[in-house]
């Protein structure tokens, strides 16, 4: 198994960062021909998701839709830190992805990119990559 | 590792197709005794989910609930292709499943079926199956 | 591969139970140094998610937010059993997690706990743990 921790700095409270290039770079650096990649976010107010990276408005629409479904600062929350919306969004998108590697390349569809989803930034975050072969 | 690409033709814009039988058929065809199965959707306006297959009204209720939570054609979307709702639903359900195989059979609960979720059809789609053993 | 079925008894209709200690206990009992753990819920009205375990109000806020997004007893549902909301919440959170084990320990972030999410209790439920190494 090869492992790597990506360090990510987010610049605003809610932000989606395309980490596909960094993931591909990690896979190539291992030289592994074929295996399974786990992308894991070790935080409870951030997540990871796959969506279209070509048109940035897709991700903006996703961020806005989550913001509308789970409002920030809603008076009904009990958690005193005031970031319950971020915890809820994290569970809706999920904290891990499971992907395949073949021919030393990550297998993704044509329009798919991997996004780190920040819901309580700006912060310094981690993404754990593990390539099992 | 054994791999297979399922080709799926959807007939309407939003549609859930039960692909459990096709997945089971693939597993049996490999003859693999025990392993892990990754079900991956290489699209950004479709997803894969597990839910009840016995009563079709369950899946209709799921489709309707997603439609209500993330309306089609909402004026607030920035993405010009007009299918932002489909991208958002795809991230809410997710693009992969990770299942177990034992005794040459897929391990699922009694009421569980695997559904391909189309959110921007009708289209021809792919589902990538990979059995790691 | 090591496998174990956790038996869980839930006490109310909607309830999140922290199963992290039971998962860690299983991993230690196997003596496995390094591998991948699949946590799978074989039900269609329950789910599994990772979120903060330190402050119980976080999980209450998550439960309430899901309850608000997908109301119980909504007249629009077609499924006659009356638990369509539970099926929908199950698909929103998902039925499996994929985690890593290293140094005989489960790799989780500081604030992360694993929660079994009951949406149609009280019931006796199962969680399937599989450690692939």
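Each chain gets a letter, A, B and C, in the order it is written, and its residues are counted from 1.
Basically, a contact is a pair of C-beta atoms (placed from the backbone, for glycine too) under 8 Å apart; a residue touches a chain by one contact, two chains touch by 3 or more.
What you are looking at is a predicted structure, and each value in this text was computed from that prediction instead of being measured.
J.: Compute the rotation angle for the C-alpha superposition of subunit A onto subunit C, expressed as a multiple of 5 degrees.
T.: It works out to 120 degrees.
J.: Copies subunit B and subunit C touch; is their interface built from the same residue numbers (over half shared) or different ones?
T.: different
J.: Using mean CA coordinates as chain centres, what's the subunit B-subunit C distance in Å?
T.: 20
J.: Would you pick out the residues of subunit C that each touch at least 2 other chains?
T.: Only 36, 69, 92, 94, 98 qualify.
J.: Could you list, by residue number, the parts of subunit C that touch subunit B in their complex?
T.: Checking each residue of subunit C against subunit B gives 1, 3, 36, 38, 40-44, 69-70, 76-81, 84, 87-88, 90-92, 94-96, 98, 126, 128, 130, 132.
J.: Could you pull out which subunit B residues touch subunit C in their complex?
T.: Within the complex, subunit B contacts subunit C at residues 34, 36, 49-52, 55, 57-58, 60-62, 64-66, 69, 92-94, 97-100, 102, 107-112.
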